[in-house]
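Handing you a structure now.
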Amino acid sequence: MKLNEFCDLMESIAPKSLAMDFDNVGLLIEPDHDSVEKVLVALDLTLPVAEEAIAGGFDLVLTHHPIFWEPVKSFSAHDPETAAAYALIRRGIGHFAAHTNLDAAAGGVNDVLAELLMLTDVRPLPPENLGRVGKLKTPIPFSSFASLCETALHVKGRFVGDPDRVIETVGVIGGSGGGDVPFVCDAGCDAFVTGEMKHSQALTAQHLGLQCCVMGHYETEFPVLKPLITRLQNANHDVQYKLTYAGAAPLRSLEGGNLR
Amino acid sequence: MKLNEFCDLMESIAPKSLAMDFDNVGLLIEPDHDSVEKVLVALDLTLPVAEEAIAGGFDLVLTHHPIFWEPVKSFSAHDPETAAAYALIRRGIGHFAAHTNLDAAAGGVNDVLAELLMLTDVRPLPPENLGRVGKLKTPIPFSSFASLCETALHVKGRFVGDPDRVIETVGVIGGSGGGDVPFVCDAGCDAFVTGEMKHSQALTAQHLGLQCCVMGHYETEFPVLKPLITRLQNANHDVQYKLTYAGAAPLRSLEGGNLR
Amino acid sequence: MKLNEFCDLMESIAPKSLAMDFDNVGLLIEPDHDSVEKVLVALDLTLPVAEEAIAGGFDLVLTHHPIFWEPVKSFSAHDPETAAAYALIRRGIGHFAAHTNLDAAAGGVNDVLAELLMLTDVRPLPPENLGRVGKLKTPIPFSSFASLCETALHVKGRFVGDPDRVIETVGVIGGSGGGDVPFVCDAGCDAFVTGEMKHSQALTAQHLGLQCCVMGHYETEFPVLKPLITRLQNANHDVQYKLTYAGAAPLRSLEGGNLR
Amino acid sequence: MKLNEFCDLMESIAPKSLAMDFDNVGLLIEPDHDSVEKVLVALDLTLPVAEEAIAGGFDLVLTHHPIFWEPVKSFSAHDPETAAAYALIRRGIGHFAAHTNLDAAAGGVNDVLAELLMLTDVRPLPPENLGRVGKLKTPIPFSSFASLCETALHVKGRFVGDPDRVIETVGVIGGSGGGDVPFVCDAGCDAFVTGEMKHSQALTAQHLGLQCCVMGHYETEFPVLKPLITRLQNANHDVQYKLTYAGAAPLRSLEGGNLR
Amino acid sequence: MKLNEFCDLMESIAPKSLAMDFDNVGLLIEPDHDSVEKVLVALDLTLPVAEEAIAGGFDLVLTHHPIFWEPVKSFSAHDPETAAAYALIRRGIGHFAAHTNLDAAAGGVNDVLAELLMLTDVRPLPPENLGRVGKLKTPIPFSSFASLCETALHVKGRFVGDPDRVIETVGVIGGSGGGDVPFVCDAGCDAFVTGEMKHSQALTAQHLGLQCCVMGHYETEFPVLKPLITRLQNANHDVQYKLTYAGAAPLRSLEGGNLR
Amino acid sequence: MKLNEFCDLMESIAPKSLAMDFDNVGLLIEPDHDSVEKVLVALDLTLPVAEEAIAGGFDLVLTHHPIFWEPVKSFSAHDPETAAAYALIRRGIGHFAAHTNLDAAAGGVNDVLAELLMLTDVRPLPPENLGRVGKLKTPIPFSSFASLCETALHVKGRFVGDPDRVIETVGVIGGSGGGDVPFVCDAGCDAFVTGEMKHSQALTAQHLGLQCCVMGHYETEFPVLKPLITRLQNANHDVQYKLTYAGAAPLRSLEGGNLR
């Protein structure tokens, strides 16, 4: 597959026009060759992910988070800001990011999250339409919904609110959604599932009577990657995709002396 | 005790000059009377804390976090920004906050946290000197230290890094310390204990090889309150202090259908 | 009358959409009860006005100037910025402000002022449409018009311009209108009546040949209050209104050893 | 006298280093010749003042307020911002301004004002040291002091406060001093004499219990001009000074059909 | 011709609405009389140009560059910023500037430049439409085009690019156009003629493969003045125009011990 | 030679502390190996220079201008901003820049330029001390000095001022110095040699009576490179330096159908 065809395919899945103004998305590092045969997929472009791409002879690394957040003025293999980019450019491997555009896109981060939580009647969450609002088929107590979240996302969460409150309408924002608590309330939600929420944001949710499930930034965004690979492969069978576990969740739980 | 004597006593414990420029500390709501006999103590001035103060006939609520973060232009019992303040003023109860000055002060948030983790040779953490750096008496693997943190702080944490790495020098910043990861590395720490850390901050820590224990904003700041009460009572026996549990941790774990 | 009905009634008289962007209007302090039976009316919410509201058992204080101009971060009975608000909240009394929206509204500050000066063909004064432009029935020398202003507003004024100049078209802006001198000229006025005008603004008026009557901020805005009460009472007979003199003009003339 | 000698003389009386940062002082329009024989003196450089300078063959106009406040990008005889400057440059006449440096200087605006009000123990008023604080020889009721101000400054004033309050310590700021009310209180004053004060500033004074005499911008600054001329003439007898009345007070009272 | 008629005529040639936001154009110094009989024309209003206007009894100086670029707060014959303006105002002579509006106008700076270079199919250059894009009748090598530019503009240039590259489409921006190199490329040009280009801008052009002719700010703008005079004279025969050489090119070449 | 030794050596020649705040200097691209054996030297890191470095097996490219001026957020071989950096990183070659620190350093850009022009009594040029001021051994007419500049720098210049003016004191600023015309006058110079000067800066020089030689950005900075190489080689004989002509002057003259 030609590089520009891959870029066009990603544009059809997560159009750049959906990205927030401050974001940095698209082909952020150009590979040194024009064809794309092997793509490594991860949430973050960490140095171990870059090293796996090099070891495995990949053409491109596709991630959710962009490799450059702050612009850079110098380049070193020893600086955390540039180490992974240096490694990729050194070997001629490219990098493509689909970030807030993939949050907002149909079938993106938040649609996948809503589906995992078995929400129905799913619609965009105003005002930015990155997140989603949906309904549970049957109203259930918040403690049951919290348990459902832990099962669906394979992680222990942190929760705000009343375990006995019966909930039906649920807002979801993968990643860092704590700042959107007031918008989630305005949208009529009983509960809110997101990845990160600060203490002060949790207090606001508590005051507003919004039940929250804080399940981890990684854990609420990672699920989009497998369906994304499936869509990419269905569109073009010549490219080989690999979902890497080198870029695993940086924040883990302690279980029996190990971090999982 | 006279109100101004109470303020002077707090100033001797957590001098205003130690607070960050952006902070809002001191007597933020004046009570309608000049003597202080009963003080309710909490981490946050939530509405349930205000209601407990009213029900219990307290003169003053002493908290770590200030009641007003953003300045206000209108006042309502139904607005989360002003509801607790409205309730206190309505009943003539005052509010005193010791925030970043209590983080930095000797015997404050971070000294108490360092002591709970049994650190020795404790010194301020540059550049802001809010946090602390100390040493473990014996170097231990990070997995053992992580377990020690969970035991000491009575909460399940989230961890970054290598469970087998042997650690000795530890940085601590109660509350939200994730942004200080580079400073903690610069200070020569093997591990870092804090309350909140964003996903991108955890990736930076991972890249820099810093082991992190993310134990909750509430859980890393709450421990200061009991020793603070002890110091206040020792200074003046006429005042009665109560540590309230109305303002409990907003973010809790799910255990057997309950949030704890 | 229900509180929200009172707010709706005020909205029909002085819609919030007419207020300037920087303004702070509406229900700025919520009362602690839902019904409105007694309303105290004044130009400013000074501490004596708040004390009269408390002594008289009022539910609400309605003023032209909002109680908070700069947002506040702490609350004290001894700080001029918060003393009156503290007194009201302490007793559960509310505060409603109609400021630049009442300037601009039909029948508001400037319409009442134009009527007192017997202007006809009254229309909004561009560009902000807070003020008004009108005509005298018969052209008269400025000295006669100045005398008319002193009689109509019961106050000695300060004047700019030529006493013999015959004037016909008059601009009015209650309160502080000195900065609008160029706009008043552009609107074709021979004379301008306002409350406050700085020395440099008076020099501009002099240069542009605009006759000015500077009659006091208080004196040019106070007249709206009686007709406002009448309109409110006509709309709902269950509420009792009182125009207070506790909040009298702060700047007064010396007459026979007294300030009047 | 040479132009640069005149500038040096003014510098010795009102050093530029005393001016506020935002100010525009010194030789703002250079005359087209190097010697100074006739100087016209006024508070403001209005067009009538410029015309008197032209008609009288003056070399320079010396004023308190600078001719340019906002910088200019075009020059026209018909624009109020530039008309007087255009007239002067057209005839080769210069302009020298001593503004906030003359307020602050020994023997300047505020020292003269303090002397007119017979204050003793006069010292600079913090924090900017433009104004002065002094004492009355004998404490008197505010109504008597207000009357004294009207007599000394030949103008009817506007007053804030309690006519019966006995006052002794008095702050003075010629011109526009209303914004300094809190500083005047902090300096321990019972009363404050200034030129201009806004309604909201008067309310603050009222709340703080500060008696105020608001006597007019022009009337509180004009008195410095005669003693200034005397000092200039004593320093150099070759120059002829004239105090013009063309630039009279723009804001006047109505008396018997005239403005005075 | 009346002054306002002259201004209207210039508006018809170079409408103010075409000027950039930051520009300062139109009648920047008003003459002291209402009729315009003699107009001196130059690229810049330097002091020698002002002196020629005075010596020759001109009513107005018409230039491309405005006399005030930064606004001024003081006025002196010895300050380079104000010396020429001082000289003109002192003698009652006016100044009219047509700057970026004359760049963009039909028949203005860039149309004249395109015509001198014998371009056809001339159209505005996006995005600002100040410059022009046109075609050579026959494609020629860049070295031949460079030679043509030197002949047409009577000056030795500095050039970027490949002398053998055959060019056909040419962009032109009189004056300082180096910052527009990327836009000129986007417009499909093979070559670019402008007055000033910085070293770093030349490197960008080199990288992008754009041939550039850098012919001097003065030399690329001066040619508009003669056709402008012709148009003005055709419109009104009563006014006499003179193109001055007092304001000649400040940057010249060394030839035989002279600067030319 | 070790990489860090090379960096230390450059620091001893052009200390980073001499660089302007806005600058970007030092090891801007780290090579992928630790030893430095072959260094390519140029004024600018253009793509042809990068290609020569790759073809010649160089370890490092040392230039005056930094490769990144604006920080970058994406990386492509086809973007002029990143093409050369991409090529270097791709091959593991490093980049070191000494820019305004080399301008200011003893023996740097401006000392070399002053020496080429045979100036004596050379001292730093205030206020930034990047440039130099020196004296000619014998005062000569400006036309002779201009001719001397063309001979010394091997380029035809552009000149401002009076060819007959006898000059003695000369200021020099390699590269873009036009904005420093007023400082050069203040330093008492008769003439000024620099690389770039805008039209408006040339007019200021003309007004101030300062003779200027504008000799090209490249031509006034390039001379430093040979002496710099000599100093580097003298300090360490193991490293091989090559001065490349791939990065030649982008702006050239037309001579006989060629650009030189």
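Should a chain be cited, it is by its letter among A, B, C, D, E and F, assigned in written order, with residues numbered from 1 in that chain.
What we mean here is this: a contact is a pair of C-beta atoms (placed from the backbone, for glycine too) under 8 Å apart; a residue touches a chain by one contact, two chains touch by 3 or more.
A quick note: this is a predicted structure, and the numbers were derived from the prediction, not measured.
Peer 1: When you check each chain against subunit B and subunit D, which touch both of them?
Peer 2: C
Peer 1: Would you kindly count the fewest steps from subunit A to subunit E, each step being a jump to a chain that touches the current one?
Peer 2: The least step count works out to 2.
Peer 1: Copy of B-C's interface among D-E, E-F or C-D, judged by over half the contact pairs being the same?
Peer 2: Answer for B-C: the repeating interface is D-E.
Peer 1: Give the chain pair, either C-D or A-F, that is connected by more C-beta contacts.
Peer 2: Pair with more contacting C-beta pairs, A-F versus C-D: C-D.
Peer 1: Taking all residue numbers used at the subunit D/subunit E interface, answer same if over half belong to both copies and different if under half do.
Peer 2: same
Peer 1: Quick one: report the Å distance separating subunit D from subunit F, using the average Cα coordinate of each chain.
Peer 2: Each chain reduced to its C-alpha mean, subunit D and subunit F end up 55 Å apart.
Peer 1: Taking each chain's centre as the mean position of its Cα atoms, how many Å separate subunit A from subunit B?
Peer 2: Roughly 31 Å, centre to centre.
Peer 1: Which order do the chains take around the ring when read from subunit A towards subunit B?
Peer 2: A, B, C, D, E, F
Peer 1: Of all residues in subunit C, which touch subunit B in the complex?
Peer 2: Within the complex, subunit C touches subunit B at residues 24, 26-30, 32, 68, 70-78, 85-86, 89-90, 92.
Peer 1: For the complex, give me every residue of subunit C touching subunit D.
Peer 2: 44, 46-47, 65, 69, 80, 83, 143-144, 146-147, 150, 156-161, 163, 175-176, 195-200, 202-208, 214, 216-218, 250-254, 257-259
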